[in-house]
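In the two complexes that follow, chain A is the common piece, with chain B as its partner first and chain C second.
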Partner chain A sequence: MAAAPLPAQEVCRTVLVSSKPARRVLHVLFLALFLPLFALPLLVIVAASFATNWSGALPSGATLAHYRELARGDALTALLTSLGTALAASLAALTAGTWAALAAQRLGRRARRVLDGLFLLPLAVPSVVVGLALLVAFSRPPLLLNGTPQIVILAHTVLVTAFAHQSVTAALARLDPAYEQSAAGLGARPGYVLWRVKLPLLLPSLTAAAGLCFALSMGELSATMMLYPPDWLPLPVQIFAATDRGALFSGAALAVALMATTLLVLLAVSRLRTRAGYR
Partner chain B sequence: MPAPTTPATPASAPPAGRRPAPDRPASGIRFDHVTVTYGTHGGQTVLDSFDLTVEPGEVMALLGPSGSGKTTALRTVAGFVRPASGRVLIGGREVTGLPPYKRGIGMVVQQYALFPHMKVAENVAFGLKAQKTPRAEIPGRVAEALEMTGMAAYAGRHPRELSGGQQQRVALARALAIRPGVLLLDEPLSALDARLRSGMLAELARLHRELPDVTILYVTHDQVEALTLADRIAVLDRARLRDCGTPQELYRRPRTEFTASFVGTANLLPVTVRGPGDGVDLAGRPLTVPVPDGLAEGARATLCVRPHLVGLGDGPGHGNTLHGKITEVQWRGATHRLYVSVDGHRVMADVTELRTTPPLGEQVALHFAPEDAVLIPAGLTEDGARHDR
Partner chain C sequence: MTGEPSFGARSTAARTGAPGSWPYLWALPPLAALGLVFLYPLALVAWQSVSPEDGGHSLAPYAEVFAETSFGTALTHTVLIAAGATAGALLLGLALSLVIAFVPFPGGRALARFIDLFLAFPSFLITLALLFLYGTVGIANGVWTDLTGASHGPLDFLHTPWGVLLAEVTYFTPFVMRPLLAAFSQMDTGQLEAAASLGARPWRIVRTVILPEALPALAAGGALVLVLCLNEFGIVLFTGAKDVVTLPVLVYSKALLDGDYTGACVVAVVNIALSVALYALYRAVMPRTTRTTTAGSSGRTAGARNGGRAAPRTGGVPHRAGVQ
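Up next is the complex of A and B:
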């Protein structure tokens, strides 16, 4: 074949995607990595939640006892607590993050970088440290939050705002300024432009950010451990407590409940997102 | 500026048919020494001491290559760019420091920027709602604007369901619905293909006849759009105003080399003046052309003659004749363009399609009438920025 030499990138693309054996190798590689790393542990949890005994290769003694127990005990309260915390924290994070991202557009480049850094700080610091810091800071008047649900919500908000801020900042950078300018040129004040043009156009990114914040907050454990009051016990703390005292299978049932609830909410959010997508 | 101001439409001849009067009285635009710089410490001057008056109801085209500052000039009127110095006035009112939403303008940009989450009718209603137009008035005004642009049938569609030309019409309707005194058009046709573009040009001309009170500032890099649509053209290059006049003036009597070559195609030949009433020398050969006052004997100048005014063969009567060798021939359908090397200078001639294409290298004679040539003094060609114009 007297073909002209292809550019390196083209060669890579051809070899990786177009040749049949290469594609098969890729599929096998994907399954080999994905199944054990991502899918199997989740399946194991589901299997364990129905088991009474796991001494062989597979769990045995199928039962619904853990789930019955779950419906009776404080698990439901814990689930609602988690849902409440995650909803409140992700709403607060979304508001603060969006507000900051919008305001940062008016800042100079350096100031914007400083602001970005500040928002990322809680991610760089271990979340146990964030929890401890809040505990120490709010344990005495005038702001006495220790022992209240608010301090848990506050901790979650601090931890997830970074994600909201990041994704809204990225979406704003992609937003064509011509929309905003056209609106202003038609006589719309900045508030009207924000409400009627910018926020609606950002909606897909806002819901994506909300989903991410919610999922992260639903699973947050380490900072929560430092802060939770006895009457505000999120589900991850209960899972930890259950496994800590050796009730592995009850813990698994709780974990399945947490997983299912989070997935359901994310599914609802993603439906909202596809409805909000314009293009 | 002493440049002649042509009223857009004679006041005595109001066009027939529906003609919604703007809410505001017709307002002109004035740039008063507007300078715009980008970067810290005024690093780059993108508009340099720009002076221009657009009369009420006039269509003024800002014509120039990219980076000439024409879009920046328009954006100072819209309020998206704050001048470093100078003033911008709309209808005699200074707006230099006003935010865009207080300026009473309508604007259409190159990429239309229709709001994708709103239907066509909502897009057109946007400006009316934003300006708190009484609710009962809005549907009528939206319908009127959509009808004016021929988009009434598409009111319920989303922008993504429309073609480029249709989106452009909706963008126009959206800008016209607020009945602006000043309409800013920023390269509105450059995203359309050639056929749609000429259709939209005719459409814009019709719209202006229907709305003679609306002052239009039209930014373009396309000389055809400027020549077709504008009452006057302001030519910009490298952040400065180079020339301003009616399309005919700029085309027939360009005052700078830049104008001559940017508005239409031009043969530009370096000549020396032999004396008033005595023509010029092109590389030692005498040519008869009218010499304007102020050009003394021996002065250097540029001779400008349009390719379509250059004929093939010896000049009849008082015509000027040039002899040279054909270096290239382009067939353009209705015409042939000949490139002829005359004493080392390239001369273009557009002649009616020839039956036989002349071979390259053939010696030919070209002629042009004295009155078809324009002399551009060399002083103006250097930078084109003599400020006493």
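Up next is the complex of A and C:
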């Protein structure tokens, strides 16, 4: 019974369309939809970042100039700004989201639903409105944050906390309560159970949530557009500024930098996660 | 032991619905933080929307904004584009997921992974890419001018609602595919085999066996995408079209370009009302999804072996985007 699901799956997959030509047609159709819609967009951005002109079927005027531009000046500052914002926001979001998820688990059913609902609410509210709300709330005393980097970080935190909360809640639901019960039954204090049993078990999910929060914060544009001060321009804002003034190709190079950084961090996090999973 | 109840015992008590004073105390700090940085600002937006510039409090700002033609067009655009993009993403997502799950080919799983990558990238990259694909410069028009010798290509739709629609369908299709693939991978295969051995044709199996099973996942994914489309800003902003204005763009332009904060708050309240109502609907659909998708699996171990891939609770939200 142990390996049951996989072979069963194989069987069902072959029964649905049994004739080989029909399968071939379906696959061609699939690729005809999939490649232009999903693979091509990412490829053209990379191709454009090495070009100066694109008036034919292929880009022309191969150059590394956009990347040289990137290594100095505003672009590098923007990348560092984005990294700093994403790091601060995902750490804060992870703390708040995990705390809320752990607290919610100990509440009664109805109270838990309310708490979960409140923490997921930022998903439903448009990011632009979250930006506007922070602008309205923190442009007046007692808390004057308008025009500071903190308000951007705050906005990102609000937006990604929902994802952290959701991931941790899902992980908690899958967690076998037997571990903490036996630890508690052996006389471990609640704090000890949380720190030495529950959090280590949650670690893989926590790192995954951190990676997701980081990626989302790196690419956040909507709320940032409402809030960014002139001395704190994250990368997406720079990309918009570049394309808005018609510099599509340097915009593409900036976008490649954004994607590469996000991917590198996600990769690092997933390696960390595998290691954590083996513990 | 001391008289203090153990952690496990307390949490079981809480789960069975007997609230102690401790659990609520623990929930307070995160709630207070959320209140300060999210709920209080939202309340201020609502308050500002009923506070006209000339003092006092009335519904006059609403009457004023509702009377503007720009608001009417923005509302229509938002709803039409969101509905269209959701329908497109549902159809496309269903078709692609069916092939990946039931007509497998080498590399199909890797493609599914690749789609997850989309969830980690910001939406505006799609618009940027479309500029190089179908823009006035770019592949499609470039091929046309190369072939025909014309001075410019035939495609010029990126600055129209169709460009926004194409970008949103592309970006949001993965949000439909994730819960669908999860549901498919947990589907009870006995029914499929029975239907196939009784001679049912593939289309009939899809319609009568697969679709009813996948309906909750489809509904959840669709509702989520509808909300996300209503709130989408980056894609529309990057299109740079003056005549494609949606509600979020109107909030942005009223607040930052016109400096009309009260008007922006009015539009924001309308946008929130629309999205939150739909989101509540989505949350109402979600528990049914959880039940249906877990019912097919053989309990805890199957879910664990999938590495939590199904994670029914997270539905269409990219809780794992690219990280596994």
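Here is the rule we use: the second predicted complex is superposed on the first by the 244 of 279 C-alpha atoms of A that agree within 3 Å, B and C clash if a C-alpha of one lies under 4 Å from a C-alpha of the other, contacts with A are read in each partner's own complex, and residues count from 1 in each chain.
Quick note on the criterion: a contact is a pair of C-beta atoms (placed from the backbone, for glycine too) under 8 Å apart; a residue touches a chain by one contact, two chains touch by 3 or more.
Since the structure is predicted, the reported quantities are computational estimates derived from the model, not experimental observations.
Colleague: In the overlay, answer first, second, both or neither for which of chain B and chain C A:201 touches.
Modeller: first
Colleague: Count the residues of chain A touched by chain B and by chain C, then name the partner with the higher count.
Modeller: Comparing chain B with chain C, the partner touching more chain A residues is C.
Colleague: May I ask you to decide whether A:181 touches chain B, chain C, both, or neither, giving the answer as first, second, both or neither?
Modeller: both
Colleague: Name the contact category of A:189: first (chain B only), second (chain C only), both, or neither.
Modeller: In the superposition, A:189 contacts both chain B and chain C.
Colleague: For A:42, using the defined touch cut-off, is the partner it touches chain B, chain C, both, or neither? Pick first, second, both or neither.
Modeller: In the superposition, A:42 touches chain C alone.
Colleague: Which residues would you name on chain A as touching chain B in one complex and chain C in the other?
Modeller: Of chain A, residues 176, 181, 183-185, 187-190 contact chain B in one complex and chain C in the other.
Colleague: Touching residues of chain C toward chain A in the complex: what are they?
Modeller: Against chain A, the touching part of chain C is residues 1, 6-12, 14-15, 17-19, 22-24, 26-27, 29-31, 33-34, 37-42, 44-45, 48, 92, 95-96, 99-105, 111, 114-115, 117-118, 120-126, 128-133, 137-139, 142-143, 145-146, 170, 173-174, 185, 187, 189, 192-193, 196-197, 202, 205-206, 227, 230-231, 233-234, 237-238, 240, 247-249, 251-252, 255-256, 261, 264-265, 268, 271-272, 275-276, 278-279, 283, 297-298, 300, 302-306, 308, 311, 313-314, 317-324.
Colleague: Residues of chain B touching chain A in their complex?
Modeller: Chain B reaches chain A through residues 78-80, 99-102, 104-107, 109, 111, 113, 115-117, 126-127, 130-131, 158, 160, 171, 174-175, 178, 184.
Colleague: Per the contact definition, I'd like the list of chain A residues that touch chain C in the complex.
Modeller: 1, 4-5, 8-9, 11-13, 15-18, 23, 26-27, 29-30, 33-34, 36-42, 44-45, 47-48, 53-59, 96, 99-100, 102-109, 111, 115, 117-130, 132-138, 154, 157-158, 161, 163, 166-167, 169-171, 173-174, 176-177, 180-181, 183-185, 187-190, 193-194, 207-209, 211-212, 215-216, 218-222, 225-226, 236, 239-240, 243-244, 248, 251-252, 255, 258-259, 262-263, 266, 269-270, 273
Colleague: Mind pulling up the chain A residues that touch chain B in the complex?
Modeller: 176, 178-179, 181-190, 192, 196-197, 200-201, 278-279
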